[in-house]
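These are the structures in question, set out in turn.
First subunit A sits with subunit B, and in the next complex the same chain sits with subunit C.
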Partner chain A sequence: MGSLSFAFPFAELEVGQHLYWEFGNFRLHGQVFMTSWIVIGALLALVVVGTRKMERDPRGVQNLLEFLWDYIRDLARTQIGEKAYRDWMPFIGTLFLFIFVSNWGGALVPWKLIHLPSGELGAPTADINTTVALALLVSLSYFYAGLSRKGLRYFEYYVHPTPIMLPFKIVEDFTKPLSLSFRLFGNILADELVVAVLVFLVPLVLPIPVMFLGLFTSAIQALIFATLAAYYIGEAVEEHH
Partner chain B sequence: MDSITTAASVVAAGLAVGLGAIGPGIGQGSAAQGAVEGIARQPEAEGKIRGTLLLSFAFMESLTIYGLVVALVLLFANPFAG
Partner chain C sequence: MTSLLLFGATEGGLFDFDATLPLMAVQVVLLTFILNALFFKPVGRVVEEREGYVLTSRAEAKKKLAEVEKLEEDLREQLKEARQASQKLINDAEQDSDKLYREALALANSEANASREEARREIDSQKESALNQLKADAEKLGDLIVERLLAAQ
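Entry: the complex of A and B
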């Protein structure tokens, strides 16, 4: 097996096929890099355009950016707490915006018009490598957050209510990135699969509500990823008394 | 891949999603029940309740998605394909 493709003009879906780029001993999934760069470029362009001529009364793109800033600040403040949220707001905001734009870009942009020799363009978050990288970044950052704020006292967290919790908390350090990455990857891939299978079966009208449902879950998944990342960081910097 | 591994993988992929959907289904049902009761008791809190409900739905849904990931691994990246 190894790969699946529906041969249908509108619903070609390839799971497990990639455009490989070889760098020394590494094999990279080229299509993921291309779409990631497009997403990063789009976000950068948006931010540069929105902050170039700033006004007291925000209009247009600046208004949108200020709304996003407020939204991310509220998210970070409720999860991380008043004291530490400022340090981590850029990280949480970057995660949220990157995942959100990736998910929606994968669903809204007609990537099928661009043909690749192998594999296909799509949401970067539908590749397990992207989501694992993001989840490991979250792991690293909550360790860093805890250690930099509390020093070695961070490890009190592992024995906090009772030392009986120690093994569970250690296991948690491994399950956190696992569940973060699988949740995002599975949801985005499932959306794409469901739409592709439905288009394969009934190519008219019926897939449209499912596509809207997919957009909705994609947005929620971006929010969940950012919320959980903020929660883990908040857990690490929280003071126990 | 020999036919017995193929058959076992396909059956296991079906079971992974099917069984994985039971628990979250029950959980989402009781969460929706709680939300409806909350809205009936306090209609002005509908917005907040809806937001929390959707967020918790997504958490429950991801449990089924884990089953789906296992199913996809069995179908497309089977480690026992040999």
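Entry: the complex of A and C
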């Protein structure tokens, strides 16, 4: 596909252009790291402000944090189960919060006002590297969860309920990260592209409903990613009888 | 050259994999540990402490409520007993006063009867003595009349 770039008087659409940072042999997508640091900074600021002075009667930001904690706990508990959810709640919660804040940051912050020499700022999750990194972390963690909880008995899962399932389960180990990463990447990139295309076709009013739809999609994608990650971990630690 | 050549992209492109991937993974793992220390642990502690507090408070309240209900039952029982006792006392007192009244009445009646009887007896005896007197007087007078008549002849 290569690099695409359209230049119009009102807006500019760039796809697949990156701001490269080079460290020795390694190349990094600078714009992804810049926005991801802003996202992480926002998250840490919220968390630090909210947990500075916690009381039994919650006030201010503590309410929001407790709501988020409760939401993430319910998500992890329903998918992973009562026994193992505590170990994995921070991971699931971090995935959810990072993806959610990334998506919404990408949709809400007017990044276009900041000009880069190459590429443009946007949601970190609109870059395939980020989503594949997250998806591979999920794969690693469900293997780790299964092996640490059940040892080699984890591999019984591949022949459960019958050995016929073996090839399907092996294929699943590859399709899980693939579908996780491409679903998130595709949704967020498509949302940004749709908004960008509409903005340069009709720069007024019309893109606004699509932007709201984008916010909705962004939230749903964060929830789907976290829920599926939790489900995979839950599947790995589940005891078969 | 670390970028994977996907979809014919030689430089840049949508599917441009490079060192961003592992570094982003490391970043997310670090974020997980930081958030665990700054967010999940402290907030979880506070929430679970509150849940425990609510649970124990509720259990305590339930215990107290049961106690109160038991006390109320006891008091009701006591009240019922007291009411029965007082009713019994009232009944006894009524019966006593009734008895006393009857006794007094009977005594008064009998006394009245006795005095009436005595009065009548006295009247009778006086009447009798008066009659006797009268009879005697009449006989004397008769005798006198007879004597005088006889004497006048």
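FYI, the second predicted complex is superposed on the first by the 235 of 241 C-alpha atoms of A that agree within 3 Å, B and C clash if a C-alpha of one lies under 4 Å from a C-alpha of the other, contacts with A are read in each partner's own complex, and residues count from 1 in each chain.
The rule is simple: contacts are C-beta pairs under 8 Å (C-beta built on N, C-alpha and C of every residue); 3 or more make two chains touch, one makes a residue touch a chain.
On a predicted model such as this, the values are computed, not experimentally measured, just so you know.
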Partner chain(s) touched by A:H18 [first = subunit B, second = subunit C, both, neither]: second
Contacts of A:T130 with subunit B and subunit C, given as first, second, both or neither: second
Touched partner set for A:Y232, first subunit B, second subunit C, both or neither: neither
Which of subunit B and subunit C A:R56 touches, first, second, both or neither: second
Which of subunit B and subunit C A:Y154 touches, first, second, both or neither: neither
First, second, both or neither for A:F96, with subunit B first and subunit C second: neither
First, second, both or neither for A:L44, with subunit B first and subunit C second: second
Comparison of subunit B and subunit C by subunit A residues contacted: C
Partner chain in contact with A:I220 - subunit B first, subunit C second, else both or neither: first
First (subunit B), second (subunit C), both or neither touched by A:D70: second
Subunit B and subunit C footprints on subunit A, overlapping residues: 1-3, 15-16, 189
Interfacial residue positions of subunit A with respect to subunit C in the complex: 1-3, 15-18, 23, 25-29, 32-33, 36, 40, 43-44, 47-48, 50-51, 54, 56, 58, 62, 65-66, 69-70, 72-73, 89-91, 93-95, 97-98, 124, 127-130, 132-134, 136-137, 189
Residues of subunit C touching subunit A in the complex: 2-3, 7-25, 27-29, 31-36, 38-40, 42-44, 46-47, 49-50, 53
Of all residues in subunit B, those that touch subunit A in their complex: 1, 6, 54-55, 58-59, 61-62, 65-66, 68-69, 72, 75-78, 81
Residue numbers on subunit A that touch subunit B, as the complex places them: 1-4, 15-16, 179, 182-183, 185-187, 189-190, 217, 220-221, 223-224, 227
